[in-house]
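Supplied in structure tokens, the structure appears directly below.
Each chain gets a letter, A, B, C and D, in the order it is written, and its residues are counted from 1.
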Amino acid sequence: MSGNSDERTGGALPGIGMSVGRLEAFSDGVLAIVITLLILEIKVPTGHEGTLGSALAAQWPQYAAFLLSFLIVGIIWLNHHATINLLQRTDHTVQVLNLLLLLPVTVLPWPTALLAEYTHKGTPGDQRVAVLVYGATSTAMALSFNVLWRYILRHPELQKPQVTDELLAVRNRRYNLGLAVYPVATAIGLVSVPVFLVLMLALAFVYLLPTPDVRA
Amino acid sequence: MSGNSDERTGGALPGIGMSVGRLEAFSDGVLAIVITLLILEIKVPTGHEGTLGSALAAQWPQYAAFLLSFLIVGIIWLNHHATINLLQRTDHTVQVLNLLLLLPVTVLPWPTALLAEYTHKGTPGDQRVAVLVYGATSTAMALSFNVLWRYILRHPELQKPQVTDELLAVRNRRYNLGLAVYPVATAIGLVSVPVFLVLMLALAFVYLLPTPDVRA
Amino acid sequence: MSGNSDERTGGALPGIGMSVGRLEAFSDGVLAIVITLLILEIKVPTGHEGTLGSALAAQWPQYAAFLLSFLIVGIIWLNHHATINLLQRTDHTVQVLNLLLLLPVTVLPWPTALLAEYTHKGTPGDQRVAVLVYGATSTAMALSFNVLWRYILRHPELQKPQVTDELLAVRNRRYNLGLAVYPVATAIGLVSVPVFLVLMLALAFVYLLPTPDVRA
Amino acid sequence: MSGNSDERTGGALPGIGMSVGRLEAFSDGVLAIVITLLILEIKVPTGHEGTLGSALAAQWPQYAAFLLSFLIVGIIWLNHHATINLLQRTDHTVQVLNLLLLLPVTVLPWPTALLAEYTHKGTPGDQRVAVLVYGATSTAMALSFNVLWRYILRHPELQKPQVTDELLAVRNRRYNLGLAVYPVATAIGLVSVPVFLVLMLALAFVYLLPTPDVRA
């Protein structure tokens, strides 16, 4: 996939190891599909009482859960891109850790539907379970991302020559912080599904705001 | 993803900023999935009275809504391609604005199903709601595309050196015009769903006709 | 997407026209998604009488229709790849004709489900309608492919310099022949859905056999 | 898709044969979609008795089947990547054999759903049928991968110049072993669906462990 594939490969022989290009292409595919499948969970109201307008308005938890998961996948894509772009080649461990990061990502549409369904439904206990499943999935995503990140951090031979210690240190602080965000938000969000949705959406918007000092 | 990735990157360090190639690959993935998922909303008739032929004919709003959304996603892809192709590198804002453009694009299968469902069904008020939701989604698409376009227009340092002011001016006029198309068609289309479908389809076909003077 | 993108572009300015790489990436995405979505139409039997084995065996038209559409999309991918690979650059018309080729491709899962459903069901007239809809979709695919092919044939300025008249003539004969295959198979297949499935599957397998003389 | 596409092509004329890049892009697309579609088979419990927590716990066969298929597709992707990366060009047979490998891959979501459904349901005979269908699909995947591998092994003119006989011999031993794994696991797994799931999951985890001596 790359004009300079020989420089990007690992293994004993140049040009036939695991290339960064295909790891990116496969991951981009998975992330693009997950972010697009989310809409399939939002149904067209049929057989409702009252107007279509009020039926659509009553579905607001579905829109909020959709938007949240869209933003979370978008943020993972930005971070994934920024991380893989530091690599000049990969190895078997990077490929397996990347696969383990994609696992909670592909799972996400399911807790998204669970959260939307149980905003208005079930006992307070059921609603806490829905928040916990969503929180656990997003935490697993942040955790597996950090495992991949730390492996790359400890293997300078995989990094492009122009990667500096300063850049790695800035990113490391940011990703360590990111690790705490989802568990804390989940703990607070156990109060109720709407509180959880608002809190998580606010965090996602904050992340997407331009903060030139920490972006490389 | 590119042989000359170093020239296409942003940030303080060459080769490790955000690349144009992965932004294109991710966006192509999302657009390709949306355009392909649309067919899942068209069902095989079962349990109908009369012949299969007449049952299929009665589904015409589903085909019209499918075709309209197919063309709208196709047009967005053409415009997205033409715009991103002007860039030699990206920054965090371009990536976030691109994500915000993909948001209404991934939503589109849902208003498409809504429009098809409420052509024959519901009160005139319900039908107007379906037209409004579809119109709002397509307008959000045009709007977020224009926000991305204007950001690129104001940041010549992101553009390839061969991009000329004439080219930007021609495209700018076209995209400004495009901004008005969906709200106006939606306002007229409030009369009825079939009028909306015919009007929007006509506009999409006009766009796809070859007009050599405005294509660069 | 390409190291030599400047040579592959059209328009007045080098490097900012429509690139072959993104046309391929988008088309590959659509074709890969269609070929993978087909399986979603095959359901897990529940609530059946008798053994699971006999319930699965009774679903044979679903497997045959799945296999046929898988092979047809695979063949379209091979032909699309072989054709687009002749181009050094594209223009607006190529992009629009490519979009019109992708239209019947994305439609295919729907006639596939229709064909599987009406093998055992409905009147003979209904079964003929299912064959006709499938035949019309595959014919539209062959037809739109040929429109794209003929446009490329008549625009040598879009072709790579190493493309020879002999190669174009060999391919042209093959694609002209391909144009007749689906309408003729559909006409014969109007006898019954199983005859149509067997005939179309046989044709697809013949195409995939190695025939070194006509492959470039 | 590649800066050095001329070196990667087959056929009589340089640069217009079948490129490795598009074969990879199409296969990556299919593998990424299959691995992401799997989650659609896991439903949100509605209308259950008792708590949401217990309803979710009762769905464990769905999670196990999902995880197994996720890992199997991930492993196929790793092997596919490692194999195609040895090629400097392709021919018609490689493209067709690659398509035949993608066939059981796209089928996989269906036996996955079958296995999850029949863990708790049906007679012991039905459960054996579900295991057999899953086992047959994964065996077909390993078999078609080996057919592709052996074809590449016997055609050194398709391989990159730096591919050595030692590397091919190491990989050949590994892939021959892989051929036996799924049929043996299926035979043992006929005892019960849970035994089959545990055994297959254990094999997948073993594969993903780092074994530096056999990775090139």
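Points worth noting:
Please note the rule applied: contacts are C-beta pairs under 8 Å (C-beta built on N, C-alpha and C of every residue); 3 or more make two chains touch, one makes a residue touch a chain.
Every value quoted in this text rests on a predicted model; they were computed, and no experiment measured them.
The chain with its Cα centroid farthest from the Cα centroid of subunit D is B. Superposition angle, subunit A onto subunit B, using Cα atoms only: 90 degrees, a multiple of 5 between 0 and 180. Per-chain Cα centroids separate subunit B from subunit C by 24 Å. Remark: subunit B and subunit D have CA centroids separated by 34 Å (rounded to whole angstrom). Multi-chain contact residues of subunit D (touching two or more other chains) are listed as 1-4, 25, 28-29, 32-33, 37, 40.
Looking at the complex, you find that subunit A touches subunit D at residues 1-5, 9, 11-19, 22, 25-26, 29-30, 33-34, 37, 40, 91-93, 95-96, 99, 102-103, 106-110, 113-114, 117-118, 122-123, 125-126, 129-130, 133.
Against subunit B, in their complex, subunit A makes its touches with residues 1-4, 21, 24-25, 28-29, 31-33, 35-40, 42, 44, 46, 51-53, 56, 66-67, 70, 74, 77-78, 81-82, 85-86, 160, 162-164, 167, 208, 210, 212, 215-216.
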